[in-house]
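Below, subunit A partners subunit B and then partners subunit C, in two separate complexes.
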Partner chain A sequence: MALDKPVFIKPKLTLFNIIIGIILVMGLILTILRFTKGIGAVTNLDNNNPWGIWIGFDLLCGVALAAGGYVTSASCYIFGLKRYHSAVRPAILTAFLGYALVVLALHYDLGRPLRLPYPIFYSQGTSSLLFEVGLCVFLYLTVLFVEFTPAAFEWLGLKKIRAIVVKLILLLTIFGVILSTLHQSSLGALFMIVPSKLHPLWYSGYLPIYFFISSMFAGMSMVIFEGSLAHRYLENEMDATHKKEASGVAFGFAKAASLIMMGYCATKLIGLAVDNNWHFLGTSWGLWFMFEVVGFVAFPAVLFAMGSREKNLTMVRFAAIWTILGIILNRLNISIVAFNYHLPAADRYFPSLSEIGTSVFIVTLGIVAYRFITTRMPILHEHPDYKAH
Partner chain B sequence: MLDTIIYTLQDFMTYTKGITYLIMGGILIFMPLFWYFLTGRE
Partner chain C sequence: MAISRRKFLSCIGAAALTTTTNGLSKAYGASNKHFKGHPDSFGILHDITKCIGCRKCEAACNKVNELTQPEKSFEDLSILDQKRRTDANIYTVVNKFKHDTRAPVFVKKQCNHCMEPACASACFVKALNKTKTGAVIYDESLCVGCRYCMIACPFEIPAYEYHKALTPRITKCTMCYPRLLEGKLPGCVEACPKEALIFGERDKLLKAAWQRIYRYPDQYLEHIYGEHEMGGTSWLYLSKHPFSKIGMREDLGKKSAPELTTGPLSAVPIVVGLWPVLLTGVYAISKRKDKITKEEKEKAVAQTTALAKEDTEKKLEALREKMTREKTSAINFEVKKALEEAEKTDAADKTDDKAPEESGKEEN
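For the complex of A and B:
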């Protein structure tokens, strides 16, 4: 069980820690290179492809997969499904770290960290979708931070300020859902400015809706996946309530995700019909599109349904991983694979090793921060002094 | 071949909306059945 007050824990020299250490050192070297030599020294980006995997993976996938925060807190506090209460804190923590790392990753792409507050406080581009995304991410990161603080306050023993924040939870949850609805969809809407660059099978007037709907089942899958990881590697941090409720959370979210994923497939079908894109399905791009939608949305939706119906936790966890891969595939298809599809192969973008290394570094930072917090603060268990909030 | 070519926006909208309504009808039948499958054991 985690320590319920702050003490220093001496790090152990395990294989996991050594690998993490190597990745962090490599990341720091790449960071120095990026900010001293410029973006051209570490990336394969050019004028044709100004957005690479730092946007396609770190930002688009990061935001979608951090949707577990708003999905879980809305289920618990707005829809009153208290059986998901034990999943709220891990989901909020993942979302908070996810969004914090999205902002960190954005620094690598933009390259001028001191200018970060400019779009919000100095020069607002109110007619730009990017401004809306930036404002939402800024506000939602703040909301997530405040939603996360009760765990930190319990750990630090600050009872009075914790009591104030707990009273604000419902308000923060509503605000979080509104902000998520806005920016999850706006990230899809960003690509509506490139009708001639994005392949017609992925380009659609429904892109904002696709992004928002897919964020819901992405978030649910992340909560299931993260729960299975916590069960395996952080079991000694979990109390009896969390262990007892874990399978109920997985089956409940599997059922919900399954229905939403079928709805998503339906809207995809409607998108094809509205734009009359049927003839593209017979091409190689069409096969790739079918691979994504049937293989990574419809298939895991059926797995989720069967797993939830048969109460098969292994099947549900497998479907969650499959869905997460599908979300990553979808976001990469839109931002990289089907983007600039008409360009000759020589002009197409492929990430450099430094870009991939930086993304691995950022994900590793998230894992380290998650482990650091969950082994210290009451995330996977209730603090003995604050039972039954 | 010529009869599959769409010449006007009117034709395009009539064709695509017609197909969309048919698909929506299919979804209207499929989703409750899927829900029935999903909750069948509860």
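For the complex of A and C:
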């Protein structure tokens, strides 16, 4: 066993660690409450609003922001952009953690979480788009897990089994892209069944396409954003290749994201035209819609374009954060803000503190896991015994 | 990449095939066929003009379904002043609508037992089903509690037992399915003192309803709510007042829920079939491009090295000639200078070497 780093590293008592500790304790309490008193005791959900932020944020945003995995590995292994190689491992790790947390979050939201395998193994409701989402997320989580294992095997010194997995990379990548296309888009298609509940500015026959396209730039922005965080806090884990390639990755993705985001804005316009929804733009819903599309897609797209042209890393990173906020805004608009727009204000949903607390807890778990793994396994650097494949 | 391209293609092709032929194409089939309801299925006609708001149906429903008793008794009619919807313990409610000075209008609300139910097509474990009787029933032994059925129902009917920690259920009107199997009338229908609720075969109810409309044109609107709404429902409604004024949405359209999701579902086989082929193509192109760039690079490097060599040799030759010609003490100095120059050009050549490599990357 040639362990790269020890499993147990004594935690230091920094402010960051203290805050994380507090959040974890709070999360534990909320978890106990949720599973002893029921969903009704900790959430503001009701019969008119069966889905809150545990779906709108944890599931929809979680899956969109974990798209970095398929985007990066496809760029590197399918499109042959070798300079993204050092970004693949961190992106796969985040995607894997992201999806794992999505599944964890679902355990809070589902009424009978232990039946989660039912739709796949027991009683398949194939006419449901949620079935498609569930099946693809399940398969993709498996793919991501396998894609992630080489790092763990290197850490544990299991050379033979690592070599087998590495040979499968192209196959896994293609599988990943298919599964991502399917479930990213069907998350949007989930809402196609409710033309009477979702505001016409957000309801569209193009919903699946919007979700898929936006997942691409969401993933790219997440890779850029994480890169900047890792540089700040985990720099001693990085090797020279990673550092050298990092800004190239950021500029490359910035350029690609700006183009895709422009395209996304164009399809939004087409959507408006197809459904002839122009007249809604003059209403307050219209303002909110423009706020989202112009303020959080078109604007960061321009920033990305400028930043990548002028090689301005700060601008690119800022645009990435802005885009991520835009994705969150979009997903929340569709699942919560513009959903049930026809109901009187008293019947509308607003998350409870415990709901928000649970979501914060789950995100924190992700950060802890990311830190645990990157400070031990060869993610941000290459293992000295293995050359790039 | 050790796996051969052909092996890879056949792998993914097989995977795609099994997925399309097994699970996913069924989804496509199920959602795509046009289902017009079971023949002779039952329905209930609610003649709103006859309802007096006595809440007898609510009481009967509570009793036959063995639901918990509400705090206020069903005799208490003051509750009619609130707008209510169905709840975990309440499968049906009667709401009061007052729009002008004339007498108020009472409307009973419960599951409409859609012909092509949105809730059933949304359920990812088939816990909700349209039966041959017309009733849409729920199987709690399958339900995972995702609540997508509640999202999907355009009539906002299914409710959830949010306060049960471990075994919460979806609840909604069953059209008294267990009673139907015993040959009994639904509880609410049996209890109605005014015949505002009529049970029968849906087709016959539709005919009877149209007859009422033709016979008493000033008493009824020329519209049977539920005949076409969301693809039609087993419950049908007759009214004098526009339905939108009595809490029933008229903007739902005639498209059934499965029709709304056919598009995205039928895209699945396309993605599964096309993506592997396209992506493998892209992979092959990028591989080939890499190879060409590499070859070109090698060629360019070889050329420049050859050129540089020639250059240095020429210079040395010239130098040698010079040396023999002059044979002065300044020779040493000259040699040094020339060597320095050669070194410089060498260095310059090296930077030139790098240039094509950079541009090759950009092309990618």
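Everything below uses one rule, namely that the second predicted complex is superposed on the first by the 382 of 389 C-alpha atoms of A that agree within 3 Å, B and C clash if a C-alpha of one lies under 4 Å from a C-alpha of the other, contacts with A are read in each partner's own complex, and residues count from 1 in each chain.
Everything below uses one rule, namely that a contact is a pair of C-beta atoms (placed from the backbone, for glycine too) under 8 Å apart; a residue touches a chain by one contact, two chains touch by 3 or more.
This one's a predicted model, so the numbers in the text were calculated from it and none came from an experiment.
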item	value
Subunit B versus subunit C as contact partner of A:P208, first or second or both or neither	second
First (subunit B), second (subunit C), both or neither touched by A:E355	neither
Which superposed partner A:L135 touches (first subunit B, second subunit C, both, neither)	second
Contacts of A:E147 with subunit B and subunit C, given as first, second, both or neither	neither
Touch count on subunit A, higher of subunit B and subunit C	C
Partner chain in contact with A:E382 - subunit B first, subunit C second, else both or neither	neither
Subunit B residues within the subunit A interface of the complex	6, 12, 15-17, 19-20, 23-24, 27, 30-31, 34-35, 37-41
Subunit A-touching residues of subunit C, taken from the complex the two chains share	1-3, 8, 11-12, 15, 23-24, 26-27, 30-31, 85-88, 118, 120-127, 142-148, 150-152, 154, 156, 158-169, 249, 251-253, 257-258, 260-261, 263-265, 267-268, 271-272, 275-276, 279-280, 282-283, 286-287, 289-290, 361, 364
Footprint of subunit B on subunit A - complex, ascending	255, 258-259, 262-263, 266, 269-270, 273-276, 305, 308-310
Residue numbers on subunit A that touch subunit C, as the complex places them	35-41, 43, 45-48, 50-51, 74, 77-83, 109-113, 115-116, 118-119, 122-132, 134-135, 167-171, 174-175, 177-178, 181-182, 185-186, 189-190, 192-197, 205, 208
